[in-house]
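You will see chain A twice below: alongside chain B first, and alongside chain C after that.
Showing the complex of A and B:
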């Protein structure tokens, strides 16, 4: 009876209550995300230089110019290479480290700390450190190669088109391995031991246990790691900007840096914003499956 | 196509409170200035600069002195070491945010030009007249901050670039005196390489540092008149003199007269190498005496400088100007101009230890900055060609660097590089 009375009692605020509770967050969301996004969309349809008080509406001209811009072609190619490499390599290494740390290893907390530390270092510091390591004459990498008698392998790593992008990816991999490692480690610790015991009783080898017990149990973790890494990879900017400034020439430009150069350095804010809109649309397209999966899980 | 106002767009789409805030930032009220700017007069001034750690203290001390005599309160914000690649972005962001500084330091040429074209800058012509800057400031420098006839800035530094070298490394190579011709410079390079010393320390990250070598080679092959016409697009780059300059540029790398992998090196790392003994010389301006030699606690007597020999008449070196602009929306342009006039006094320039002042009577002190004084005495009155990251807008300058980068990596030949440069410059000139 008591329950019936409670349900029939008029609600304070009626159907507006949920909106009132959501209002503070909505204001922030609209003010800091929706409004700037709509503004950017508008500016991408103009020839605004990013500094003057006036500009002209140019329709979709900025978008039509994108395919004929040779640097955009280079940037898209670099983005794709970057995405594939900086997702695949840290994910595999992170998984291997997690498996190793989930076993009987001495000093687990210390090792976890060591492997995760690069992820919390400021990116500009990482860029400076690796810039010094890569110095062709005095850097540790070439010095080490020369010490081993491998002088032929010593290269101007950041100073030539053929190696610059790959050289920047190495520290990116170094700093991005810790995140999947932690996620996989948490997921591994959630797999019931009984599954392995049953598999052992059934005569499964370690390799078979990995593929038929461990990997299926890690599916949710795979999904989170891949989705977040994919979004992160497509937004790459800071490592490239700090280590090569998009060079030599324009060989390491990615969409993020090329957008920045156009908006902030070339006074072509309309065109640069069109690049930003394209990046955003791609990131949204990539993020939709992840958001849907999270929504499904929550419901 | 319709013309829109950015403010109009913001006003239409933003909330009323936000709109009111933004319009407040743009200033209003009646004119109080002889410069014609609008805004309620205030004695608070804000200066944005890129003074380094070694000079910011001197600058603040002079601002304090000005405040005492002018009754102002001046605050200063500095972004040291950011360089022309980053500093203008920060300034632009501040201006767009509606709270730009009243006064800012900036380079001349194509770096300062966009701020004038966007009408963010006060026309200083009335103040030039009022304070007589036309007669007290170097005329060539004033041209470097005059855009489409508008005196957009007050240039206080006119910096010439030359070779600054390490005497002990020259001696190690058996070189007793700086070269007097381009052929002699090549001989010096060969001698340095023979004793295991990299001659010229330049870094290609950002493009502008290694460009200093190419622009020198272009001056050597093309000569002053043609060089100037090339920079304005009045002559074609697709010509033998340019091809020769690109050929020499590649030669410098192939003969190891530049550091290994120079294209990927950061100029801020490489510039002090001549002081550290890792390279014999670099191409730099007089600021290096304080920034690299004195800051490393080295005696200036161990170093020297010389104008890179072009074999042409008149002898010129690369140069650029730096100065100050006043915000078109400055709340008190008269006080801002008064501050610029204070900074333009010879005694203030001396107190700031400016090594290459445009102000007559503010030559560097030979006791504290002997090498800068020597440079000013020997070469300070020589004409200069515009340093090429100020000669071209940033986009074209980056394309220029890109051609140089491709050439050094062997992916384009000198004749193709010259043709490519002609495409870049003619497209810019047409636009």
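Showing the complex of A and C:
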């Protein structure tokens, strides 16, 4: 197509041209994500209360205080439990569902639709739905137990230390199973049939085929599921906030919510930010291999 | 390796074998088991629907697991008014309508520069942007709050646009640049020979060829925007400016003892996203797997 404007540019566009494309996104990204994250590092070194105009530099004091804060200890423990359970259980269920769905199943699209549905709902609505199911008096879960004659098992699931965290993890599992299922399903469909044919010819049993053909072929999918779940699990905030508000007492506090409470309830913005910095550094450290793999692959 | 190509798996080797009857039978058994699990999986939502359409007295009298003796729409009208849903719907919709196209556009531009233009520090830029995927929102809330307060943008949905854009960019750029990379360089070279500049290549070739990826990214971004909670919680105060998730949380507190009204309110909040998901699921599924299943 002939153009009227003769652009006397070098073939690859001007040297600055790529930056004109890159800058709008980079400015927003740096201005609203990188800059705030880095300035949090500074706030974590101060005794700022979040309201006053002035504050003092206190060095690493906030960080030294962390280990002696019993709620931080609880929060770290809860974050660990949360990470392990909400990665392991959804991954295993997701893989099993994917394998089942990959067979000769009728109504595959609708089944897949159902299993992924919780993942698109707002976390707050999931919290509301489950809070309502867990209601000690009128909740469906206790009613169901009573219906089965297991009245003894009916209990205030979210209202007691012993069960609250586990009760919040159930909806988290419900919501997070869809993604591994989709990913494994796509990966399973990419395994060439020849591999199974060859294995059958060699007399491999179904079980052997699973461990020696299916699982090795799923390695990239395992990696992605694990990396993205890990990254995701450190961000836990919404569910805890909306379902238990960290309670009863402080038994379901995680680092994210405890940070929020310190900043917005107890006016310890400096200390709260230090909590956020710690968990963010862990999240970045864990996420870096994934980020590098994405960068390398693309180059 | 990207798994975007449509793959047929239903034709497995087993079907070639003579033992057809037991195979079909096994397929049926697996289907039945899956249907039972699926019913169980969807039961919280099913219960929600049933509860939302029955009178409160019926719910309390017969229990949450009974079939309604009576049906009513009243819960919805009650919840709609008290939950302030007309306002929160409007706010969430305005926010998504501004944020999503803007976010997809700037991410596509950056993705294009990374995928198809010779750019200095490209690897560094990529690494820095992708690193954003790992950053939890709460590390930024204190500085963002201060920023918005000094700009007078707290308690306004427009104050949310910047942070929402920033947290959406890493994922959008990741997906879009990997899609752009697969577009053949030859067509771009041919356009350049004809005198087209980078902008013209971007708007008249790259974008039209990438409609599937753009739509997928836009849908996923719209879902994330619609659902975002933490920034909205700290930046919005007055009821007139709340978005759906924050409004729903308030509503939940007010309706603690009205189970049927609560169910109706939750449904009101999630129905648009459920409908959108059902209609657009092909794009969502394709995008999630294509975007992340590489390497």
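We adopt the following convention: the second predicted complex is superposed on the first by the 274 of 299 C-alpha atoms of A that agree within 3 Å, B and C clash if a C-alpha of one lies under 4 Å from a C-alpha of the other, contacts with A are read in each partner's own complex, and residues count from 1 in each chain.
We take it that contacts are C-beta pairs under 8 Å (C-beta built on N, C-alpha and C of every residue); 3 or more make two chains touch, one makes a residue touch a chain.
Remember, it's a predicted structure, so these values are computed and weren't measured experimentally.
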Clash-or-fit label for the pair chain B, chain C on chain A: clash
Contacts of A:284 with chain B and chain C, given as first, second, both or neither: second
Most chain A residues touched (candidates chain B, chain C): C
Touching partner for A:50 - first (chain B), second (chain C), both, neither: both
Which superposed partner A:120 touches (first chain B, second chain C, both, neither): second
Which of chain B and chain C A:68 touches, first, second, both or neither: neither
First (chain B), second (chain C), both or neither touched by A:157: first
Which superposed partner A:35 touches (first chain B, second chain C, both, neither): both
Partner chain in contact with A:135 - chain B first, chain C second, else both or neither: both
Partner chain(s) touched by A:264 [first = chain B, second = chain C, both, neither]: both
Clash with chain C, by chain B stretch, listed 93-101, 219-227 or 291-299: 93-101
Residues of chain A that lie at the interface with chain B and also at the interface with chain C: 31, 35, 39, 50, 131-132, 135, 138, 264
Residues on chain C engaged by chain A in the complex (per definition of touch): 1, 3, 7, 9-10, 12-15, 23-24, 26-28, 30-31, 33-35, 37-38, 41-42, 44-45, 47-48, 59-60, 63-65, 106-107, 109-110, 112-115, 117-120, 122-123, 125-144, 147, 162-163, 165-167, 169-170, 173-174, 177-178, 181, 192, 194-198, 202, 223, 226-227, 229-230, 233-234, 244-246, 248-249, 252, 259, 262-263, 266, 269-270, 273-274, 277-278, 281, 284-285, 288-289, 292-295
Touch list for chain A against partner chain B, complex: 31, 35, 38-39, 42, 46, 48-58, 131-132, 134-138, 155-161, 164, 244-245, 247-251, 261, 264-268
Chain A partner contacts - residues on chain B that touch it in the complex: 1-7, 9-10, 13-15, 18, 85, 88-89, 92-93, 95-96, 114-115, 117-120, 198, 204-207, 259-266, 269, 278, 393-395, 398, 401-403, 405-406, 409, 411
Contact set on chain A toward chain C in their complex: 1-3, 5-7, 9, 11-13, 17-19, 21-22, 24-26, 28-29, 31-37, 39-40, 43, 50, 97, 100-107, 111-118, 120-125, 128-133, 135, 138-140, 143-144, 147, 174, 179, 182-183, 185-190, 193, 196-197, 200, 220-221, 223-224, 228, 231, 234-235, 237-238, 241-242, 256, 259-260, 263-264, 269, 272-273, 276-277, 279-280, 283-284, 286-288, 290-295, 297-299
